[in-house]
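Structures are listed in the sections that come next.
In the two assemblies presented below, chain A is common to both, partnered first by chain B and then by chain C.
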Partner chain A sequence: MQELVKRASELLADGSVARVLGWKAGDLPYNPEPAYFENEEQLRSFVYNGFCGANLSKYMIEASKLEGKTLVFLKPCDTYSFNQLMKEYRVDREKAWIIGVGCRGKLDIEAVKRSGIKGIESISEEDGELKIKTLYGDHSISYAEAMLERCHSCKGKEHRVYDELIGESEETNDSERFAGVTEIEAMSPEEKFAYFQKELSKCIRCNACRNVCPACSCRKCVFDSNKFDSAQKANTDSFEEKMFHIIRAFHVAGRCTDCGECSRVCPEGIPLHLFNRKFMKDIDELYGEFRAGEDAETKGPLTDFTFEDAEPGVVAERG
Partner chain B sequence: MYKIKTENLTALFQKIAGHQELYLPVRNAGQVNYANWSDEAEVDLNVLNTVKSPKDAFFPQSENLYTCKRDGKKITIEPEQLKSQNFVIFGMRSCDLKGVEVLDKVFLEDPLDTFYAARRDHGTIVAMACNEPEETCFCKAFGIDAAEPNADVATWMAGAELYWEPLTEKGEALTEMVRELLDDGSEEAVEEMKTNIRRIIAKLPYSDLSMDGWNGEVLDEKFNSELWDELYKPCLACGTCTFVCPTCQCYDIKDYDTGNGVQRYRCWDSCMYSDFTMMAHGNNRTNQMQRFRQRFMHKLVYFPANNDGMYSCVGCGRCVAKCPSSLNIVKVVKAFQNQGGEQ
Partner chain C sequence: MQRIGVFVCHCGSNISATVDVEKVAQMSLLEPGVVHAEDYQYMCSEAGQARITEAVKEKKLTGIVVCSCSPRMHETTFRNAAERAGINPYMVEIANIREHCSWIHKNIEEGTEKAIILARAAIAKVTLNAPLKPGESRVTKRALVIGGGIAGIQTALDIAEAGYEVDIVEKTPSIGGRMSQLDKTFPTLDCSACILTPKMVEASAHDKINIYTYSEVDQVSGFVGDFTVDIRKKARSINMDKCTGCGVCSEKCPSKKISSEFNRGLGKRSAVYTPFAQAIPNVPVIDRENCIKFKTGKCGICEKVCQAGAVDYTQEDEIITEKYGAIVVATGFDTIKLDDFDEYAYNQSKDVITSLELERVMNAAGPTKGHLERLSDGKAPKNMVFIQCVGSRDVTCRGKVYCSKICCMYTAKHAMLIRDKYPDVNVTVFYIDVRTPGKNFDEFYRRAVEEYGVNYVKGQVGKVAPQANGQLLVQAVDLLDNKQILMEADMVVLATAIEPEAGVRKIATMLTASIDTNNFLTEAHPKLRPVESPTAGVFLSGVCQGPKDIPETVAQAGSAAVKAIGLLAKEKLMTNPCTAKSDELLCNGCSTCANVCPYGAITYEDREVNDHGIREVRRIAVVNNALCQGCGACTVTCPSGAMDLQGFSNRQIIAEVDAICR
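Our next item is the complex of A and B:
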């Protein structure tokens, strides 16, 4: 972390960048927040640790409109989002100085709490274990167990776009990315419906999934339009409850980089990645393997046309 | 003081549900929220904060107000019926109870909100003391006592027993209804619990949070502070904080096209949204800094100014736990504190 701060100070001092976009230490052991830093003094509260899951790519949409360059710290998966945003002309590469930071998996406080740990006073790490002191006694949980879902199916530790790299990464991928989708595909239509009904009935339409999503970068979302019957604020019935998610999943299909932010932020723990991965799996099967955000140039299969493309009828055939 | 063995709680719920609707914390797909009791419901009384606050019981996220139907040239208007059946809400915590007091200030004063008032009239609240407060709790900062939930019935979970004390007429009536399931309990056990809870509360990381400097008098000073320009920046404008909050009270009224008429409904609104308080001339808050500022100014300045100093935050900590960017009201209060009152 000291290396990141040092490099940021240098770039600020010599005027290469006007500001730094990183994470600032929180007031609990697990709540750092995305933040801008403009001088060395402010950088004192900079932090890069296991709880810096927040993907800073989307903030670069706004930062691209500011005077001067913004130094942004991106984890390997975050760089896919940045590429995708570049492809969509939503961020300006010229306005960004990207430092790719090493990553050994990011932590999910919800996963820690799910294991029954409450009243957290401090969290430290020893040999792959998180030692957690609480008001109700000491606990430990393995680093891997406390990781975000997305880190278990990490795309790899290679940064897809950067100006310089700092820090080491460690492999975290220990699960099959499409396993959850395959499980659902095996269900009967009734079971599928019941499964999603149960999950989506929890949705409070808070829009955290949408607003955090780098693929959801429309200037005005259709769900914010008061000319549209289904305005953002509530699910008037169980159909609308699903419609929001279906529309969103379709709209990010082929553009979603599987950055995992939607599932990270959902206050109701809805496994939103399952929707997106279903589309990814289908795209892979119908058009050949494709990863949104691998680069900023390749046309996505859904925004391109070739004579070999699957015919729409394939949907009816597959049922 | 009465008590009931926890193994008999299901019988208690069955008994209540036999007479009235019963809402309580239920685990569904991994998350605990208030829901109707049923035999299959997986009741979870250990979770301190449900994801959504229990305010839905009185002020639902969306509710119909009236329905217009068109049949040829005939248009009929059917007002929505007010709540007319008694119900019980079980398991509310002290912070959420105070949240209802906040909502009362808004909805029970002139002009009276009849939908809300009907639910308040018909609801009996059974509250629970908080055995194991979380690090995110700061009810103490608002003078709320987690050990002494002041509802129609107060309860304390002590090992294998739930202590039960009716505090109001409604509480007495409910106690009468389930009397055969209750035994007499001693005050001592409960006093011990209270001491224990207060001891833990004193040790919480936010327990010394001070609200000094926040009141109805500081409008200009706080409103014009340059700090907001920094504080709002990571905010995604998602509205999660407002939707999980027990005291957020703003709503919007909308029409739903049913194909042969209109359903006029109201639903929670959020000051974090771009069309919040949209008027014919446009919107009086034009950027996210202003929307972000509204949330905290409302809770800590405007509300106390209009309600004899009562804050409209109760320290439940839900926004602390749920904000995707880890922002929250505590960080805002601390930021102003650290700045040493210069502004």
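Our next item is the complex of A and C:
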């Protein structure tokens, strides 16, 4: 972390960048938040630890409009989002100085809490273990156990776009990415409906998933615009409430990089990434393997045509 | 607020027999904005249209809903009526209560209920309609004909005769197509080459016709009146300007054992070859896959023997980009593969052949120089069996469900010719039905039976089994006599089903022309617009549209030409005003719409916008109305909903859905 701060200070000092986009400590030991830093003084509150899951790519949309370059710290998976945003002309590569930071998996405070640990006062890492001091005594939990779901199905520790790299990464992928989707696919329609009913009925329409999503970067969201009837429709009753998530999944289909931010920020713990992964699995099966954001040029299969594309009939029969 | 009039048509009794038209009119009156509703026997008649124009004037209507037949029939009629009455033609909506209600329902209550709902949807939509004005686009006075068989040749000749430039693109080395492979033609028995080659020569000599052989269409963009087409001229390896057509290269070519496509694999050709003697152009091509020079780098004999110095191994594919106002598809057909028809032993015995192969056998330039002989041992056959409907009218999913239409006649022709030339050969034809409608067709078939003694047996063949003695054992059933037949034959000829040429799917996709489940191109209307594709500016000629014989093909080729000429003769075309439009305040500038636009109609510009007081330069999508064809692909792909289709806006469609679901 000190290396990141040092490099950031240098670049600020020599005028290469006008500001730094990183994470600063929050009010709790496990909730650092995205922040701008404009001088060394401000950089004192900079942190980079296991809880810095926030994907900073989306903030670069606004940062691209500001004077001068912005130094942004991107984890390997965040760079996919940055590429996708570049492809869609939403961020300006020229306005970004990208430092690719090492990543050995990000932590999920909910996973820690699920293991029964409460009243957390401080968290520190030691030899692959999290040492947790709580009001009720000391606890420990293995790092892997406390990791976000998305890190267990990590898409790799290679940065897809960067100006320089700092820090080491460690492989964390130890599960099958589409296992959750396959499980749901095997359900009967009634079971599926019941499953989604159960999950989506928790939604409180706080819009956190949408606000954090790098693919949900429309200037004006269809759910907020009075130009469409969807603004009112989306929460008039429980059925339409669910439509919000389905429409959102359709809107990001083929563009979602599977960064997992939607599920990370959901206060109700809805596994929203499963919707997006269903689309990814279908795209892979129908059009060949594709990962949004791998580069900033390749057209996505849903917005490109080739003679090898699956015929609509094939898609319809397959369901 | 709109003032809407609803006009419900009886269509004689076509609609009123299954839909309570009066009730539809009454119920429409309850909808918001509707100030007038009436029903009438024939809304499309002059009297019917007069009722509309009168109501517009009397009730000061601003929008019209006509509940009638499909908009494909009479939308233009009613739009014109609206215009005459002084309101914008795009303020008219059609509720199709004939095809969607009366024709598919038997129960009047159900039909009426659905008609009321569809009327409601149309009313909801017209409430949100806005006047639209069509633009104009130019017409390139040049036509493209894809395929150089008899259909393509005839279409090209007719268009050229009207004074327009025509390009023919033919994928094989010569024009002529399937007809050039035929020996004689029914019902007059004149030689196919004798009547085809004059047409080929005429096309090639015509100063308005330009022929690209050994070429394929690579890419098509644009729209009616203004298509841009990339044509790939495959490397011929022979300089067409220098070659004299002497044929020495083919003669001296050491690679001679290549299966001849022209002779349906029954003969051999060399690696440098012209497919047949009357080929146009009379310039060979080097088949690079089989040429020793291209395979090993050694040889080069053709280059050495060519006096004209025309052989050029360095030639590369050339892409020619040309503009066209109209495109005619004349891609023709092939026979189906018989791999799934094991019972006829086609793959096991050389003496089981298809009818098209028999054409080559009977032809003087064919593999047997026109002698009827068994291909296994060269012996003259004594007993021949013809099997009809091999893969046609087939419901087993191995073949085609349709009738290939030409087989009954050509089999009668083959049978008659064989009995005429070889009277000692017994000919038996197994058939499901003999179908011979057409001028002088039935007379022709009866001659085969009555004068030439061809033995027609109604019944299908179950199995053809090659015997150790070289004979073919044919197991069949005689349905009229109700008995099993077991007979030996020396040769079996299969009237194999025909299907559209393999590449047609790709061409149809490039042209955005629709095709049916059998890969035949779909016509705009099966009865009233049989030579037009639903895609404007694309016309259909010959078997690519459906099975047909030579007289029908030539007739259709002429019709397609007339339609193309009608288009080329226009100075300007009115464009469809239902084009896409981007809302600059909602546009993200993400380029997704430009990626999916098949017409290249969307570009981006940096424009200063005023978004509720925030002034900034944004990347905004801009639609070129002359290029946009209103397909709507951009509107569904736009994540922010900034793209909308005028006349079919998202709001209008949602209003329709809401009205239906109410």
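Here, the second predicted complex is superposed on the first by the 311 of 319 C-alpha atoms of A that agree within 3 Å, B and C clash if a C-alpha of one lies under 4 Å from a C-alpha of the other, contacts with A are read in each partner's own complex, and residues count from 1 in each chain.
In this section, contacts are C-beta pairs under 8 Å (C-beta built on N, C-alpha and C of every residue); 3 or more make two chains touch, one makes a residue touch a chain.
Values in this document were obtained by computation on a predicted structure and should not be read as measured data.
> With both complexes overlaid on chain A, does A:A35 touch chain B (first), chain C (second), both or neither?
first
> Once chain A of both complexes is superposed, is A:I120 in touch with chain B (first), chain C (second), both, or neither?
The first partner, chain B, only.
> Check the residue A:K65 against both partner chains and state whether it touches chain B (first), chain C (second), both, or neither.
second
> Classify the contacts of A:S217 with the two partner chains as first (chain B alone), second (chain C alone), both, or neither.
second
> Hey, is it chain B or chain C that touches more of chain A?
If we count touched residues of chain A for both partners, the winner is B.
> Please report the chain A residues shared by its interface with chain B and its interface with chain C.
229
> Hey, which residues of chain A end up touching chain C in the complex?
65, 87-90, 217-222, 225, 227-229, 251-252, 255, 299, 302-305, 307
> Which residues of chain A touch chain B in their complex?
Answer in residue numbers: 26-28, 31-36, 54, 59, 114, 118-121, 134-136, 198-199, 201-202, 204-208, 210-212, 224, 226, 229, 231-236, 261, 264-265, 267-270.
> For chain B, which residues are in contact with chain A within the complex?
Chain B reaches chain A through residues 28-31, 33, 48, 51-52, 61-62, 132-136, 200, 203-205, 233-234, 236-240, 243-244, 252, 254, 256-257, 263, 265, 267-270, 273-275, 278, 320, 322, 324-327, 330-331, 334.
> Contact residues on chain C for chain A in the complex?
506, 509, 583, 585-592, 595-596, 598, 604, 611, 616, 619, 637, 639-641, 650-651, 654, 658
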